[in-house]
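Some structures are shown below for you to check.
The two complexes that follow have chain A in common; it is paired with chain B in the first and with chain C in the second.
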Partner chain A sequence: MSVSLEYGKLKRTGFYPAFVGGGLLAAAIPIANTALRQDVFTSVKESPFVVLMDANWQMMAMLNVFMIVIGACIVYHIEYADNALQKMEALPAKGESMFFSKCFVLAAASVFMIALETAALAFCVRCWFSPPEDFAAQLFSSMGFATALSVPAVILMMGISSACRNMWISLGIGVIGIFATVVIPPGSLILSMFPFTLPFQTFSGAGEGEAGELLLGALVEMAVFCAAELVYLRIRRNVQ
Partner chain B sequence: MNLLTMVDIERRKIHRSKIIWILMIPIVILWIPMIINADVNFNMQAEGILPEDNFLVQGFLGLSWFMFPASLVIGTVLLNQTERSGNGILKMLSLPISPAKLCMAKFIVLLLLAAVQMIAMVVCYYLSAAAASSLEDYSFTLGPSDVLGLAGSVYLASIPMAAVFWMIAVCIRTPVFSVGIGLATIVPSVLVMNTKVWFAYPMCYAFRVVTGQMHKLAAHMGDFPCDLLPWIPAAVIITLVCLAVSCNQLGKAERRG
Partner chain C sequence: MNMIETNKLTKTYGDFKAVAGINLHVRKGSVYGFLGPNGAGKSTTMKMFLGLTKQSKGTFTIDGKSYPQDRQAILREIGSFIEAPAFYGNLSGEENLHIIRKILSLPKSSVDDALELVGLTEHRKRLARKYSLGMKQRLGLAGALIGKPPILILDEPTNGLDPVGIHEIRTLIRNLPKQFDCTVLVSSHLLPEVELMADDVGIINHGRLLFEGSLADLKQDAVQKGYSHEHLEDTFLAMIDEDNQQRGRRR
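And now, the complex of A and B:
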């Protein structure tokens, strides 16, 4: 009930078309890149999927994180804009369930984006490379990895925008988060655990051992952010 | 009411918006790794660039590629949303002020916000240059003419971009799309910058100016000139068209309803 309610609220904000557009744009990156520079890519000896990810994933992940930030901003902006949040609080519904339903909608939208990107990558491999035997397994494990690593950013951004009444503040914090991942040179594992940096990691780039650690880190972050949001909502209810 | 008073009114409207923090924090985030990794600047001798020049240029590259344009987008969101919450725009439009003047006043405030960020950038540059100098025992500090010249040219080169973002924010009333388009246009600026028609894409001007300066300072990096023709006419035309469109469009939907 709650999820479908949140889904309905977003219908006229342009949220869904924006995610479709963002997904199509991100999906166009590998296709355009491979089509224009076919010889460069196909001549490399490595597994085609790894080549494609190395060449394109940074830009695709950037678009994914942009959409997560903008999506999270708009999802709570509609509650604050005309004091809708007060009406929601007057209903016999819990703020927590609203938060998790909103998270679910945003996560589903970003999974949809990643699914479009997966289809584009599969299309590239079919068209221009000779797919290796374990290709499907490779594709789904990597994209599943990417999906899991973007969930902490979703929860964190939703937490931020649930706390900020004004959209430019939550947008500003999100953009600063992305900027920090751009500026701070990549290196240690701890730095790549930063929630906005996690979606930029690739399964092949991380390697078996590190991938497990990153997944574990993402899981811990999700738990911490959820717990922090629950505490925050409780405090806000008591203070108001 | 003259334009100056209106700018002051617009400035007072965003007085309590905490936007200053959003502008300052990225500058600090930008310079801290630069101080810590200051020794990297000594490895750039192969390109023929002096360590102190490299320190300055790298900082400005980091700013002008992503954060400066993104700050302008955030600024447009701020200016639009303060007006739309509580239907402030309806009250402004009921006053005997021309909407075009209102639009220009808001655009000037957007430029003022960018100026504040640029000044913070220069101040933080001097602070971190001093810190890096004492850390590495080598003077990273450059004279004010170099620093202010670069900061000023980046700022001036960003004005057409600000006009484009302002037009997008005024014309597209759905925040998801106006912000999304604004941020999405930043991503390909690196690609467009290297093409022949770079002057037609205002989002890459600032980055191109800094890159050009880097190539000028580095002896072995070759030429990367920012030819003033046809750049300046193109930039002026883009700016004027964008401002004309946004002045024409501001408040139009409200007047119709």
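And now, the complex of A and C:
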């Protein structure tokens, strides 16, 4: 029920249209890119899915992370703008439950975006390439991988937004996080564990061994961020 | 029987004592007026009852339940309105109340009842951020009254209302114990306001409880101490003034 409450609270905030728009924009990237440069892409001998991911994923992932940052800011802005959070805290509802429900809504919105992108990639392969036999398996494992690696950024951004009464501060931190991904040199496994960098990693680019390590790293980050939020909520309750 | 009882309840922020060891006794089924000038510690005390701020020392019980062990059970029994209306500006008045209704597991009809009670039925579909100050205040009150809770904690509920609105809310609060069998703790810095609706009063200044008792007791106390007692406002002002002077001497 808490999730449906959080879903309802976001009416008229622009949250859902933003994710639909962001998803459509991200989905349009591989379609436009392939339509304009089909000769270049179709001449490459690699798997069509790998070609498409290598050519488009950085841009698509950037949009995904940007939407996570914006979404997290909107989700907590409505709590602080007219002091609604105080009312929620004076009701028999747990702050932890509210936080995790909000994370779920943001993660679901992010999954929706990735689903649109998956459909766009599938469309490109069907339209301009001859799909290999294991295409569906490649597509879903790769997009599942992308989804899993987005979750640490979702939890981290929600944690930052929950702590910042002023939305511009959380937005600023998020934007700095996104820009930090640009200066992080590629190739380092440890540096690619940075929560805002993780969604940029691709299943095909990582290889099976590194993919497992990245997933494990994401899992650890999720646990750490969740634990940190629980501690933060307890401290906030005690020092107010 | 006391619905709310505190034992040396204290709240300090660094060196500053916002609430200094107060012992409140709010009788079941009464309207208790909590009086004090701005910054006296009224809102802080009420926030402690709701778990919005943690006491530094002392304890309190609400309907026999103690904080923090029974926090959830306490909050289930309290309807509250603290400092200023708190709402989701992007939702309509009705949608705001539906959120509270769902958290409290109340029937859908409770939203209509609460809107009717505060006179917002006509404006139920309007976005809360487009409400006037008085309408926001009424929405906050509806959020406190929804489900007819056994305890109501209202912090300056008539702020921002026009004279007609003040009269309506005052009458509503006055009749709540009879209508819904509830106990009301209402704060104000306006004595005439409290005089018209309270059975008992507690006067707080600089975090210390200066007086607690019925309005008749307050008059008697004023006579004994030689304060002006023709108007309760004069009594209140004299009491606060003497306390301020004593504080000045103590320093």
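In this section, the second predicted complex is superposed on the first by the 240 of 240 C-alpha atoms of A that agree within 3 Å, B and C clash if a C-alpha of one lies under 4 Å from a C-alpha of the other, contacts with A are read in each partner's own complex, and residues count from 1 in each chain.
By our rule, a contact is a pair of C-beta atoms (placed from the backbone, for glycine too) under 8 Å apart; a residue touches a chain by one contact, two chains touch by 3 or more.
Computed from a predicted structure; not experimentally measured.
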Of the two partner chains, chain B (first) and chain C (second), which one does A:237 touch, if any: first, second, both, or neither? second
For A:90, using the defined touch cut-off, is the partner it touches chain B, chain C, both, or neither? Pick first, second, both or neither. second
Touch check for A:11: first (chain B), second (chain C), both, or neither? second
Who contacts more of chain A, chain B or chain C? B
Is A:37 touching the first partner chain B, the second partner chain C, both, or neither of them? neither
According to the stated criteria, A:81 is in contact with first (chain B), second (chain C), both, or neither; which is it? both
Following superposition on chain A, which residues of chain A contact chain B and also contact chain C? 13, 81
Residues of chain A touching chain C in the complex: 1, 5, 8-9, 11-13, 78, 81-94, 237-240
Where on chain B is chain A touching in the complex? 17-19, 22, 25-26, 29-30, 33, 37, 62, 65-67, 70-71, 73-75, 77-78, 81, 84-85, 174-177, 179-180, 183-184, 187
In the complex formed with chain A, which residues of chain C make contact? 47, 50-54, 72-73, 75-76, 78, 80, 82, 84-91, 95, 98-100, 102-104, 127-129, 143
Please give the residue numbers of chain A that touch chain B in the complex, ascending. 13-15, 18, 21-22, 25, 59, 62-63, 66-67, 70-71, 73-74, 77, 81, 166-169, 171-173, 175-176, 178-180, 182-185
